[in-house]
Amino acid sequence: MPELTAGTARAVIDAVVARAAEMGVTSNVAVVDSGCHLKAFLRMDGAILGSMDVAIKKARTARLFDMNTEELGPLTAPGGALVGLETTNDGLVTFGGGTPIRDAAGTVIGAVGVSGSSVDDDTLLAGVGTAAAS
Amino acid sequence: MPELTAGTARAVIDAVVARAAEMGVTSNVAVVDSGCHLKAFLRMDGAILGSMDVAIKKARTARLFDMNTEELGPLTAPGGALVGLETTNDGLVTFGGGTPIRDAAGTVIGAVGVSGSSVDDDTLLAGVGTAAAS
Amino acid sequence: MPELTAGTARAVIDAVVARAAEMGVTSNVAVVDSGCHLKAFLRMDGAILGSMDVAIKKARTARLFDMNTEELGPLTAPGGALVGLETTNDGLVTFGGGTPIRDAAGTVIGAVGVSGSSVDDDTLLAGVGTAAAS
Amino acid sequence: MPELTAGTARAVIDAVVARAAEMGVTSNVAVVDSGCHLKAFLRMDGAILGSMDVAIKKARTARLFDMNTEELGPLTAPGGALVGLETTNDGLVTFGGGTPIRDAAGTVIGAVGVSGSSVDDDTLLAGVGTAAAS
């Protein structure tokens, strides 16, 4: 299986940071590999401190379940099929901003997590990161 | 950036404790600096033991997100945009009693967290603490 | 059993801080009650950040074993009777700077921990704190 | 106090990674800010997975005590004045590879931690990182 390289991880972070700067927001950006271990991280100047952990948890969540973090939201909401799941794995994030990174064959080789602005911004920026990985 | 001094931290605690005594309630009061590290703490006699951790977490939450803790409540409630956020950063508090401390320029230099009475009381007392910092 | 009051805890911290200032050193000072729970804490401006946790652990160690922390040193040193003990209780400190606080009858009602200067300074200052409690 | 910027953090990582590549070794490189919070991180391809946490703890240790991590080694060795200190602050690293980053006035504004090769290599590389920050 292709590995997520340090070069790819940095390209993801560069792309997210550049777009965030254009949007006038500050982000924490985390990239994890296929084993859910941190590969690269950057906290932009002025980014919310508490979003650092959120960005890392978003990336981990996206890889742990191989789906965008926002897809877990309805499943863990009251009445959902997986209520309480968010307390497992040292805490999951179930709103937008975490997206799996796939290789050309579609295999998940890692994930990116973005946090620091609105959920919509973070979700958009995670997509920017994923696009930069391919 | 101005630092939150030990003198300020003690003034915050003195103000909260004095008001709590007037109100006839007992509080745990925590002050953290801009790096979210504990700067000063006091547990009034008779204050609920389990509120010690809550007071510290309130202060940390207020600084991690640079907002009053109660502002996180609607965001993390069922249907809110950030459901589950409270499981990040080793646990956040999303009801009242934590308030950022700002310098004259409006920069957050720390936060105060109060816990031990009702949420309304704790919220009021956190505001007393913040006022004493300026 | 007499409880360690908030007033006593503050008197301990005031005494340690005053003496530390005279000595030209900066300290983290922690006071725990008989249950090993934090009662009061102050980090002097400029005190080493990593000593915050050390001060709290010194106070906890002194109360957990009802002895000065330095008394545990020989017991946990290679060849000592209690090698490895220092990894229990979430980490003990076995050098000087933690001292039990006793009531008039000699019962341990809490402890003070001081960290931030040399071990000799910290040990002296913990003694200053204990003296202020009586 | 000047802040450690994202630009500086990336320059530190770039310098360490470039030198590590020249030396033919693979490193985990972590940069923390003055509050001991992760500012930037990169794991080079092939770097030992278990060294990730070591790199972060080296950076944290260097900032928590404002000294090179190897300076803590003799102090925490058997017979040293601070035996057991390494169990505080969620675990310290007391061998080389962590170095404080100072501003022009000498104030510590963060730290770099490098792990993945020999201690000598890691120590050299941490120095390379610190030099790149000035």
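All chains are identified by letter, namely A, B, C and D, in their written order; residue positions are counted from 1 within each chain.
One rule holds for everything that comes next: contacts are C-beta pairs under 8 Å (C-beta built on N, C-alpha and C of every residue); 3 or more make two chains touch, one makes a residue touch a chain.
Predicted, not measured: the structure shown is a model, and the values here were computed from it.
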CA centroid of chain A to CA centroid of chain C, Å: 43
Geometric centre distance via CA averages, chain D-chain B, whole Å: 32
Distance from the mean Cα position of chain C to that of chain B, given in whole angstrom: 26
Inter-chain centre distance, chain C versus chain D - centres from mean C-alpha coordinates, in Å: 29
Per-residue multi-chain contacts in chain D, two or more chains: 3, 33, 35-37
Category of the chain touch graph - line, ring, star, complete, other: other
Every chain pair meeting the contact rule: A-B, A-D, B-C, B-D, C-D
Touch list for chain D against partner chain A, complex: 3, 5-6, 9-10, 17, 33, 35, 37-45, 49, 52
Residues on chain D engaged by chain B in the complex (per definition of touch): 1, 3, 33-37
Sites on chain C touched by chain D in the complex: 48-51, 53-54, 57, 73, 76-78, 86-87, 91-95, 118-119
Chain D to chain C touching residues, read off their complex: 36, 61, 63-66, 78-79, 81-85, 87-90, 92
